[in-house]
């Protein structure tokens, strides 16, 4: 079927290409000219403006947003809304906060436009392997878009689904990412212990490969970890600096709001904050306190 | 090749059967008569005593221990050692503490007997899918046993390997289990948040299935989680009580000994301890303290 | 000087009485008749309505709110504002969220009324020992109210201070309470370990008393803990159920918002959530997962 | 009464001087000549050898060890034992592991010599304020030494006590230090949040002073923190590097051994380990993993 894709960055362009490969017609728009040109080379019909994109689609339209979460989504919707018609559907495939998605669904509904929130996992591998899609919104709208989801997913009948009403898709994706933080931290801690056991001079890549086959801890993240350790066994040149992109914070806050103790997910987020603080005031004050009561030497900083 | 298997419990019997299916000759011993009889029905040649088992094997022998970690291993070795001859090899496939394995390797070497520590992962699924094997010991001994490892593993050339000298196999398995604790806790926390979000009435099994296909968090543990949620979506009748079997404790202690902060693995262990304490003195004292300073009401226990 | 006190609960009535003892004239209002009558018996001039309270004060007035944080503060301000005159000052001595205090200060400033946020610590002991007061607001207003703060505090020149502009007082109190959670959890865990060491049959109250004199961990919270352990050494009849009143949640969220890792304060909050969940879905799922991969027995719940 | 003090470092010399000030006769020994000379200037009778020390004391002797925990205690006991006579008592006032103290008590008992383990808290302030003493050992021996404990403690009848049999004193001190880690971490995290809230430009020393008077978080550690913040408000020149001296590790291990979840104490230890790792392999691997699945940029290290 026909789809308009707004946002032709790493994720948007790959998803558009997977749809094109699957026989769909995709009109794409991105504010960056280079992104538009690259997309054109991948079988995506590039539109020079939102208006061009909308005009190129037959009603009822399906327009997919693949832009950074936050204000950009609202700005894009504000520009897009006057161009759409009742019966059209907008899909937000990014990592929006689920309460924003609930609000936006309400706002668009008032204009007769459906809003579908679609949590999307798969990263740069989604192009070849397919994306895992958690979808929130009305049953009829999701059903109408079935051909798109079936193509984006790893297989027509698996890896995607409507999980609930508006917001439920992004909610599920948020928790997915919280879990992801915990999984990553668990692997990283384990390999760090192995790496510090100098007595055994362990080959971390070899161990990752063994674990990938038959062990309880086998997973796709372990596959990637193994690749990373193969390319760069000592992780030379990589700073111990870990970004976070928001969903972990929301997950930690949501758990507390629901009175669910989620210590491992929460702590995985805090460890990322800690990784970016190379002059910890906490630790400096601890050193100062030890000096105060015990006369313990302070290391000069 | 020929192997003696001591311990025909869930793990030992399955491993023996996988070896038999792979064309090896396995003589098995277990102190329990029922276990011996069941093994006989699975193609394993049952021995009525350690002596019978040893006598049934041609030198140089390979004897695999699949018994609970700790004193039982030492007791079994004490009984076995007088029956073996220089050139024989003993493999400990259980979850022994790596320092015990190092000590035992030294003790057996003094008698001319090789000792191989083999961390074994795969659980009840290993029979059909193969086991992941992390092996410590001398290169020659491990090489001699290659046909056994190649059969036990998921494939002849993957899922197993000699990772280092004596102790290195059990060390790697210990860390593997520490990681496993962290992974499990991350998934469990995430699903608990989903379950508490009553507003969305999420179907946890459906979400697990979506994630299994194409998502960043796909893994074998997620496959199992999905199965568990399918069978019993509300986890009815399951007590919130989580055992631990030792490796998590060793991993936490080892991380500290190496000055590696492993908060997520450590906390995953502590959460298991917490799950088994339904009358927490810590929490009772907190309630008492709040009452002391703020006059806050205490809930009667 | 003259003060109107709105809210004659445990905290408000005690603070009013301390002011009366210090020679101030306090007019008090509470929606509950019993609270008003009790206050009257403690030297506080009871007003039957907000209007009566305001009328009993000479301009420029000082009106202190000691009511639960949240909507009640806004409702009270809405009722109070039409009765006040430019030049009057409202002090919020409760545990309001600092961003609410910043907003309210702006709203009242538009009406020519000053707003002072005063974090108040001391609990039920403040009446006799004085309160610790962290104050946010304009310098002139705080200075005008000096006689009140000097009386409420443990000593005229210590235990209180203007720490910054509007919001800074409640911000400091919020962090104070976050620290309090951490301190309490540390003591409670330590005593729980002592209590579980049955081999030594330790007398927890005796140890608390020893520590209270000369040790590094001596503190007021330890004094209270010692009292609690004296009255009820085994904490019999106390449920392991720990409430939280909001500041801990705000502190955890604020730390994350500032990219400061505060694992101990955060975890102290999560432990309170955990204490109130006696049917943890997390733990049930962990038990189910262990059964799936290892065939480990599940305890019936 | 008479006492021999072995170890005239910061702690030992101060304790000896406090005893001298209290009217006791103290013979001191230290392997360092400078330490002996300084002690002589403080009213302590310096002995040039263990033999001289023992010879200077009338039987039944009391000899106090104030040396670093571990092998040095065993070495000192080995040298001391042949010089002592049945009826003498040795007190270990250092931070020995409680199981070592239990073992040593048994070894000395075989020679007719009593062994008392005395956990000592108070740091460099103990000289003036007195020490908090948690004592394990036989009732008769502890009673015989009462004059010494009464002088070392802040007051003759408080701040010290026999808490149980051999090992119980060092056990209590170990837990004391575990709590200390948690308290310190809670304060340090709280002040770090305040310091990062640039909007309010808070004066941390001022806030510490306010809290010291009347607040729930007042404590001796807060007094010291306030001093540290007064001397160096920005903690300039202090490295964010925090040592640990062993008791925190033992406490964490002991809690696990007793199946008590002590997350805050444990995490406080892990944060210290983390403070000393400025090239975290864990964080490098996390960054590498993010790059693998999402193409997220890696910061060069």
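List of remarks:
Which chain is which? They are A, B, C and D, in the order written, and residues in each are numbered from 1.
Basically, contacts are C-beta pairs under 8 Å (C-beta built on N, C-alpha and C of every residue); 3 or more make two chains touch, one makes a residue touch a chain.
All figures in this text were calculated on a predicted structure; none of them were measured in a lab.
The fewest steps needed to get from chain A to chain D, moving only between touching chains, is 1.
With respect to chain D, maximal separation of chain centres occurs for A (centres as means of Cα atoms). Chain B and chain D have Cα centroids lying 39 Å from one another. The distance from the centre of chain A to the centre of chain B, with each centre set as the mean of the Cα atoms, comes to 33 Å. Multi-chain contact residues of chain A (touching two or more other chains) are listed as 123, 185, 187, 189, 192, 196, 216, 221, 259-263, 267, 271, 274, 280-282, 293. Within the complex formed with chain D, the chain A residues making contact are 10, 123-125, 184-185, 187-189, 191-192, 195-196, 221, 224-225, 227-228, 232, 235, 237-243, 263, 267, 271-272, 274-275, 278-296, 298-301.
Across the interface of their complex, chain D is touched by residues 121-123, 126, 129-134, 136, 153-155, 158-161, 163-165, 167-168, 171-172, 175-183, 185-187, 189-190, 192-194, 196-197, 200-203, 206-207, 209-222, 251, 254-255, 258-265, 267-268, 271 of chain C. Considering their complex, residues 216, 249, 252-253, 256, 259-263, 266-267, 269-271, 273-274, 276-277, 280-282, 293 of chain D touch chain B.
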